[in-house]
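Below you'll find the structures, each written out as structure tokens.
In what follows, chain A forms one complex with chain B and a second complex with chain C.
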Partner chain A sequence: MKALREAAEKLLREKRVSLVIGYEGRKGRPAFFAAKPEDCGRLAYDASCRQNLAAYLGKPEIRARLPVALVAPPAVLRSIVVMSAESQVAPGQVLALAVDGDSYLGTFDAAGAAELLRAKYSTLAPEPALLERVQGLLQKSPAERAAFWEAEFSKCTRCYACRAACPGCYCSRCIVEKNAPQWISTAALGHGNYTWNVMRAFHQSGRCTLCGACEAACPQGLPLMLLNAALDREALEEFGSRPGYDPEAKPLIGSWSADDDHSYMR
Partner chain B sequence: MMKTETSTAPAPAAFEPRITAFVCNWCTYAGADLAGTSRLQYASNMRIIKLPCTGRIDPLFVLKAFENGADAVLVSGCHPGDCHYTSGNYHARRRWTLFRKLLALTGIGDDRLFFSWVSAAEGQKFADLVNDVTAKVRKAGPFRAAHPGRRAS
Partner chain C sequence: MKTIETGRLSDLAQALSAAGYRVVAPMEEGGVVRFREWAPGLAIAPGVVPANSLKDFLFPRSEVVARFALEPGGFSPAPVERSAVKTAVLCARPCDAAALAALDAVFNWDYRDGAYNARREAATVVSLACSKADEHCFCTSVGGAPDGVAGADAILRPADGGRLLVLDALTEKGRALDQAAAGALAEGPAALDAPAALPRRFDPEAVGRWLAANFESPFWKEAALACLGCGACAYACPVCHCFDLQDETDRAECRRLRNWDSCGFGLFTLHASGHNPRPDQSARWRQRVMHKFSIYPQKFKTLACTGCGRCSRLCQAGMAIAATCERIEALGR
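Presenting the complex of A and B:
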């Protein structure tokens, strides 16, 4: 981690960025914001760092301090590329301090991150155990599936930690906060919980990088990654969508092809 | 003294599905209109909501319909290539392809969520579609019975 600390310190000393966002060596690995070169000695990274730091790029407090650098494992690199493709970060405004396990891989902008991903991580996919759980769920009857999700969603307290943790959820006004008309009930009950969790997942379709930050942030332990992984596989199989590998990519939903499948249409 | 009681409670009615249809203004609504002006008889379980284009149909509309008592939802618009706004139905199609899979994962399958292309000339297709969808939903039963955990909020 010495290499990571030195790279972060160098960026700050050379004033290439005004802030380095990383993880601190303390228990729980909270996010750490290094604004001065001498702060960088506190940076640490290991597999327990589940928070996706790219989520901060949507926050106005951080946007006011661009350019910034992020400590970024592969899934976070993908998030930076997705945000770049969606014009949420301008070229050169975000630098990624790429890490993987114990190794520091270098400093990259969005285009460089995409290149690194294509070269070294072209086959990132949901965990096999996760896909098995999705398959297991799909083999159950619709009634059993409904019962499974109703039990899970009933735990939701609508704290929106999943949204806050997600780099894809950068809308300044979320659909769940719109109340004229109110599309999603804010009461933590059946319909509202179902609609919120399903729509949150759907709004990430073709954009989710499967970083797992939403599920890790959920205080109620909802299996949100089942929804994300199922959508990810569907988007890949139907449309060949692999978000986060091309900073010029068009959004999956928002573009179309005349050849898209419609065998389910009557 | 004798007390006579008359029961006024009606016999429990057979399940009549309520089906919400989101249709586009230019093709399916005109098709439904043709079915009507052609005096075609079809099931009266469908409640039609007309929108400018299938591209305007947010997946939230579907969930809201279920929340407000629909037993099934039909989404119908122009055939590919026929969209009044050139590409609205193509945009919609891509959205539905993913959304229906997400709903299937949560237990709402293709006996409650239907998609179709019906042109302005296809009055007969529309009438047949409504009859067929109604029969399927009648079999599937009430939505609320299948999703007891969905307490109205």
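Presenting the complex of A and C:
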């Protein structure tokens, strides 16, 4: 971690960024904002860091301080690449201090992050245990699956911690907040909860980097990664979509191709 | 002393259920302990502070407060069912019960809230004293105690190294519950366990003094940098009670909903004009801290925080209101 701290300190000392966003080396590894070179000694990274710091790139107070650097394990590197592909961060405005386990891998811009990912992490896939749970769910009947999700979604209080945790949820006004017309019921109950949770996951299909921050943030322990991983597989198998490896790629749900499968239209 | 074995809390729930109470208690599900409605066969998990607070059963996250039936050419008000079920909350934490004074104050201030008060009157709150605390607990800093009785109708106190719980009724409602539960209780000696030792971390009066004088302080910008603007803290808080009224319509009727709201959201206090008096996350975090430690005590002579620590226990970004208060107290010195 010495190398990470030194790299962060150098970025601030050379004024290449105004802020380094990382994790603090105390219990719980909370987000830490180093604005001065001497703050960087408090940075730490390990596998217990569940927050995806790229979510801060959507926060106006952070955007006002660009360029910034983020401590970024592979899933967060992918988030930075996705945000770059979706024109949410301009080239050079975000630098990634790439980390993996105990290693600091270097400082990269979005294009460099994509290169690193393709070279070193081209086979990133959901955890086998997660895929097994997805498979288990897919083997159930639609009615059983619906009952499973109804029970899970009934716990949702609509605190939107999942949305806040996600770098992909950068809309300044989320569809759940639009009331003319009211697309999604605001009541934190049955139908509205179901629609909200499915909509959140669907909007991430082909954009989600499976970082797990939404599930980690959910106070009710909803298994959101089951939805994310199922949609990730759909996006890969049906459209060959691998978000976060190409800063020029168009987002799956925001693009259309004549080569898309149209067999469902009759 | 009236006792029950800690491992047989379900017997107490069963006796109360048979006596006509709906029983609410902390239970584990999917790795998360939360207060929910007990049913035979479910195990009560008294060991940790549940993820939700007992507020959920007095002021639910969404409720219909008015209905309008749509008719050709207009609409007419339709009745709203108001039924408060007689409820026993088992193993509420002293920090949950202490929150009731703050909720009672706001729901009976300029308007007596019928829905809240009906549920409040129908609820009997049985606290469970804490014999351990975690690093997020800070009830002793905000006037509470791990074995505090404020707001409780009865209290269970751990005894004999946690093996037994001793029940003490504190109010009329508590005595009625005590009688209803008699069949599940034993009579006998028990040595009470020491309540959790929890050093005081800050002085809320000193915090309040600094807050009253520092609405505009650069502190807020920096203190709120990590906040991502969700409602997790407010929704888990036993005292937070802001709500939003929203009309939702289908072909048959319009329902006026009262939903929980959170000062963490960007939409909170956003005016129709587009202006928001709390335009950024630092103004919203300031609102949260000031409401709890300055505005509320000025208005209702009670803090709007009971030190349960839920907000910091579950904040994904590590925002911790007790740490903020410690820093504020230091700024005021």
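The rule we apply is simple: the second predicted complex is superposed on the first by the 261 of 266 C-alpha atoms of A that agree within 3 Å, B and C clash if a C-alpha of one lies under 4 Å from a C-alpha of the other, contacts with A are read in each partner's own complex, and residues count from 1 in each chain.
One rule holds for everything that comes next: a contact is a pair of C-beta atoms (placed from the backbone, for glycine too) under 8 Å apart; a residue touches a chain by one contact, two chains touch by 3 or more.
Given the structure is predicted, the values throughout are model-derived calculations rather than measurements.
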Item to check | Fit-or-clash call for chain B and chain C when the two complexes are aligned on chain A | outcome: fit
Next on the checklist: A:Ala31 in the overlay: touching chain B, chain C, both, or neither? Say first, second, both or neither.
Outcome noted: second
Next on the checklist: On the A-aligned overlay, A:Cys49 touches which partner chain: chain B = first, chain C = second, or both, or neither?
Outcome noted: neither
Item to check | First (chain B), second (chain C), both or neither touched by A:Ser185 | outcome: both
Checklist entry - Is A:Ala7 contacted by the first partner chain B, the second partner chain C, both or neither? => result neither
Next on the checklist: By the touch definition at the top of the document, which applies to A:Lys59: first (chain B), second (chain C), both, or neither?
Outcome noted: second
Item to check | First (chain B), second (chain C), both or neither touched by A:Glu234 | outcome: first
Checklist entry - For the overlay built on chain A, what is the smallest gap between any CA atom of chain B and any CA atom of chain C, in Å? => result 7
Next on the checklist: Quick check on my understanding: which residues of chain A belong to both its chain B contact set and its chain C contact set?
Outcome noted: 185, 187, 189
Checklist entry - Inside the complex, what are the residues of chain B that reach chain A? => result 58-60, 63-64, 66-67, 80-81, 87, 90-91, 93-111, 114-117, 129, 146-153
Checklist entry - Touching chain C in the complex: which residues of chain A? => result 24, 27-31, 33, 50-51, 55-56, 59-62, 152, 155, 157-161, 163-165, 172, 177, 179, 182, 185-189, 213, 216-217, 219-221, 223
Checklist entry - Residues of chain A touching chain B in their complex? => result 134, 137-138, 142-151, 153-154, 175, 183-185, 187, 189-192, 194-195, 198-199, 201-202, 205-206, 226-227, 230-231, 234-235, 238-239, 252-258, 260-262, 264-266
Item to check | Touch list for chain C against partner chain A, complex | outcome: 29-32, 34, 51-52, 61-62, 135, 221, 224-226, 228-232, 234-236, 244, 246, 248-249, 257, 259-260, 262, 265-267, 280-282, 314, 316-319
